[in-house]
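Consider the two complexes below, in which chain A is the common component and chain B and chain C are the respective partners.
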Partner chain A sequence: MALTFFVDPSRCIGCRACVHACAECDSHRGISMVHLDFVDREASTQTVPMVCMHCEDPACARVCPADAIKRTPDGVVHSALPARCIGCSNCVLACPFGVPKYLPRYDQMMKCDRCYDRTSVGLRPMCATVCPSGALFYGEPSEMAARREIPTQLFQIGKQMVKTNVRLMVSPTTTTLTLDVADFLAEVHHAG
Partner chain B sequence: MATLPAPEGTLVDAYGPHLNHVTPGPQEPPDRLVKTHCCFCGVQCGIQLKVRNDRVVGFEPWEDFPVNQGKLCPKGVARYLQNNHPDRLLAPLLRSSAGFREATWDEALDRVVTEIQRIQSAYGKDAFAVLSGASLTNEKAYLMGKFARVALGTANIDYNGRLCMVSAAAGNRMAFGIDRVANPWSDIPLSKCVIITGSNVGECFPILTDYIWRARDAGARIIVIDPRMTPIARTADLFLPVRPGRDSALMNGILHVLVARGWVDHDFIERHTTGFEPVQATVARYTPELTAEITGVPAAAIVRAAELWAEAETGMLLHARGIEHHTKGVENVLTCINLVLATGRIGKPGCGYGTITGQGNGQGGREHGQRCNQLPGGRDIEKPEHREATAKLWRIAEAELPRAGLTAVELMDAIRAGTIKGLLSISFNPLVSLPDARLTREALDQLEFYTAIDFFLSETARHADVVLAGSLHEEDEGTVTTGEARVVRIRQAVPPPGQARRDWQIIVELARRLGKGDFFPYAEPEDIFRELTFASKGGPVDYGGITYHKIEQQQGVFWPCPTPDHPGTPRLFEDGRFYFPDGRARFHAIDYRPPAEDTDADYPVVLTTGRVVSQYLSGTQTRRIGPLVEQCPDPYVEVHPALAERIGVRSGERVRVVSRRGEVTLPALVVRTIRPDTVFIPYHWPGAQSANLVTHRALDPISKIPEFKVCAVRLERA
Partner chain C sequence: MPAERWRQDFPIDWQEDDYVTRRQFAGFLTLISGGLFLGTALLGIRDWWRRTFIPPARVLRVASVGEVPVGSAKLFAYPNADDRCLLIRTAPETFVAYNQACTHLACPVTYRRGARELYCPCHEGYFALDDGRPLSGPPKRPLPRVLLSVRGDGVWATGVIES
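After this line comes the complex of A and B, so read on.
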């Protein structure tokens, strides 16, 4: 199987090495494409890193009126093409993972392209190479078999199933992640 | 006079801290990649520095280095930004009416030598002191010790490792006869139970997190003991939120359960140790209920810790400053070792123990003679045979070799008291790093002459009469010894800029001008390393068989490595022999005693201090690196919501933290991840933001480490 990107938020220590390392990339030097946030700092030190999940049928590309967002055959969804991007931010609103950013300075949407300049020449993405805790990992899926969490690439978002190229490590009893808050509400649960 | 030569603002404008940022836009390809190590923390991750036109312009992960395999924390990612920095000192500085002026090396060194000679002839040799650093290479650490004893003839040299892990070092020597972590990090994933006590691994040694979680993947249980739920504690199997300053009681309590249930390894105790009976008698008193009362950890959790440790086939215990920065730092360490020895969990794959050293060369920096009571090879400056061996090697009479001098905090107190009149410091920023900062400032004001070797003008160096522009980590060759006792090579990536010189060349030149040049005949750092290894032969810290070539071939060499054909020793005690003549490890019976300053009605809250992931020690380097500063621009005080409600503050509002020494006012960070009776402040900042305005200067009686981790404070809404 091809080299694969895995995200395991349970391992994130919030150090931001990925955020800083991303900003070293020549194509967007000084600007990081990795998001990293505390879930609720008052309650916990839990943080979550977010890179582009590289959906198989990316919502960002589907909503783009200028057809500026391309997915290459290797499964990588790219930043908006500068010549086409009209800066409308449809993609920013549509992405279920909150990944694309509209940068007014460049009048362009930019996002994680899984370090295309590195991965296309056999190097690992910068964030997954430096991540000290294994929360971001890029490599042979067999290497992840030893982990106690298991990978999923299916996300039920409202009525829509999203399949991603990047795998999210989840608890061994979960294979699909439900991201509709309604599913967590007691009354809906009882109604169902 | 060592008062500030100009208003602080003027000095900040001229010498920083200013922030260096990533330069936007594409880069030209580098001329070369230099395989070296990160300059921060004792893990010493391998890293490749990108060099173009003799400037460090970036980094590339070094995936072949086995310890970190390309992994880095944010400090490692951004470390290159300390190079080519606007604050870099490019020439020697002399104090002037307006602050500092640049001077020639001749003028600066003449002034230093004249002042050393004046002070030593007026007040005696010991009136001139040296404060050195554990970020220096082994070569420089050795050189500083020899320079102080041979060129200056002073007893008073000590180093900032005194603020780091000296209590662990002393405890290890007392129990094992050797001061070193007992296992390589690669043993961690082999362990089935890992106890981490007083170590914020995720923020202070981020890449070790992966080792611990690989153990967890393989079924290990992780027990974390800490007053705060740190990132490593967040997913622990068992979290024991100990009240600061109660660690020895907690370890006694866990051992009590192990003994009571018959879960100790009597065969191991019988064959490989001495002194268990008094320990057994002592821990008999530490029932889970009594231990719970002292430590604030529920009795059931204490019992559970003992069960998890006993059930696992293998176990490792790791600690760091959290149990070491105490007036009973050595005692805390010894109670941890008691637990390991009583269960025979040492000297085998996945079984072991160690302190995780915090400073870049925290291990090597404490081995080669820059400590006030130590000679090269970890030898004891008060032992006649050790004195003879070193004096012979250095070609001086044994009587000329100074005796033990003062430790770092005592040395600063002697400056304040006026018995020490002159100071040379290198890579040490005591104004930020020593406890009770007001006393440190008063001390600096008392000095008749102060010279600092540094690459940036640190807060302390601002007080100097002469500043000697030295070298950054990437501007010199050498070795450091990592936290797992692996000796690794530091590579010169670029030459020192401007008129700045390599640190060791400054020291050698000072020695020459003091008339002692013949004792320092070095052309390159490797010459110093050869002498260092020769000096260590047969000593407690034996580098006898280590060469630069061997380090490169093996990607590091673990000492002891006594002979050229010896491969080095990643894991200690595999033959069940400890480093005493009888080969037996020593138990020490330790009764819990309270911290130097406990809480009372006036000061009802415990203050503890520590690090954040984006800063390193006193911040001389990391407070100048833009992305790291922006990650955590200012210190704060972590307060539990229950305590915050009592004093009426919300997150972001300012709180005055007051102790008997002083006060500091900082924004509150209200979090449920800290004990309600404890507050936490990160210590990397100077001046009015310094946690050390409040901390306590009480010292451990054996190791002289200060009690940074516990003092009594009260909180007021500011």
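After this line comes the complex of A and C, so read on.
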């Protein structure tokens, strides 16, 4: 089977190695495409690395009014084409995983393209090569079989089912991760 | 996912995307206009080369006076074999001759017996018989005029005046 990207948030130790490795890339030097999110900074040290999940029906590309976000046959959803991107941030709002970044300095959207310059020639993405705890893993799916968590590609986001190319490691009893924006809003209000 | 018409117009997959960006289009325009400029420049250089280094026209006997009755025409080639020209006798003592290629798109112009103009049938172009100037239709430049000289009973071409 082809090399696959797995994200296992339970293994993340928040070391930021992925963030800095990403910024080393020559195609976007100094700007990291990896998001390292704190789940609840006050109460927990838990962090979650977020790379592009490369959806099978990418919402970012669907909402792009400038037709700037394209997907290659290997399933990689690319960063906005600079000649077309108008910096409207539609994709930033549409992505259920919060992956695209709007950079005011360039008036462009930039996002993780799974290190296309590397993975297209058989190398591993920068973040996966440096992750010390295996939270970001790129390789044979058989290597992940030994882990307690199981990979999922299905996310129920509101009323919409999203299937991704990148696998998220979840609890063995979970098949589909159900997320609702309303739940997170309530949490924010509670915390505030 | 249903394939609506607008989804086909704005495909997500890189292969199906054939939209041309403004930059690509501008680059294409620049290439085309550069090619046109280069081609025109080469043609101009070729013409200048010919005018400067090709020896002047030779003198050629094209007809005898009795061969062309008043109001009729004769075809001849001058100064080269592929330059077709019309010799027309407009009056007993008057001959005129023009290159037959219309100055619009080089269709051969024709002369109808007794007419006062030359006619190009391709795009309805008319030229004055007396001096070759364009009268109507698309041509904007006069026909190249062949200089004539009548010596004895011979009509001789002595040169060409380009418009």
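As a working rule, the second predicted complex is superposed on the first by the 180 of 192 C-alpha atoms of A that agree within 3 Å, B and C clash if a C-alpha of one lies under 4 Å from a C-alpha of the other, contacts with A are read in each partner's own complex, and residues count from 1 in each chain.
Here is the rule we use: a residue touches a chain if its C-beta (ideal position, glycine included) is under 8 Å from a C-beta of that chain, and two chains touch if they have at least 3 such contacts.
In this text the structure is predicted, and so the values were computed from the model without any measurement.
If you put the two complexes together on chain A, you find that chain B and chain C both fit without a clash.
Using the contact criterion defined above for the overlaid structures, shared-chain residue A:Q156 touches neither chain B nor chain C, since it reaches no partner.
In the superposed model, A:R41 makes contact with chain B only, not with chain C. Set against each other, chain B and chain C differ in how many residues of chain A they touch, and the higher count belongs to B.
By the touch criterion stated above, A:A83 is placed in contact with chain C alone, chain B being left untouched. Once the two complexes are overlaid on the shared chain, A:A61 sits against chain C while remaining clear of chain B. Looking at the shared chain after the overlay, A:A21 reaches chain B, while chain C stays out of its contact range. In the overlay built on the shared chain, the residue A:K70 is in contact with chain C alone; chain B does not reach it.
Smallest inter-chain Cα distance, chain B versus chain C, after superposition on the shared chain: 23 Å. Residue overlap on chain A between its contacts with chain B in one complex and with chain C in the other: absent. The part of chain B that touches chain A in the complex is made up of residues 21-27, 58-59, 61, 63, 68, 70-74, 76-78, 202-203, 206-207, 209-210, 213-214, 216-218, 229-232, 234-235, 613-614, 627, 631, 641, 651, 669-673.
Residue ranges on chain C touching chain A, taken from their complex, read 1, 10, 12-15, 17, 19, 21-24.
By the touch criterion stated above, chain A contacts chain B in their complex at residues 10-17, 19-21, 23-24, 26-27, 29-31, 41-47, 124, 126, 129-134, 146-148. Put simply, chain A touches chain C in their complex at residues 57-58, 61-62, 64, 67, 69-73, 78, 81, 83-84.
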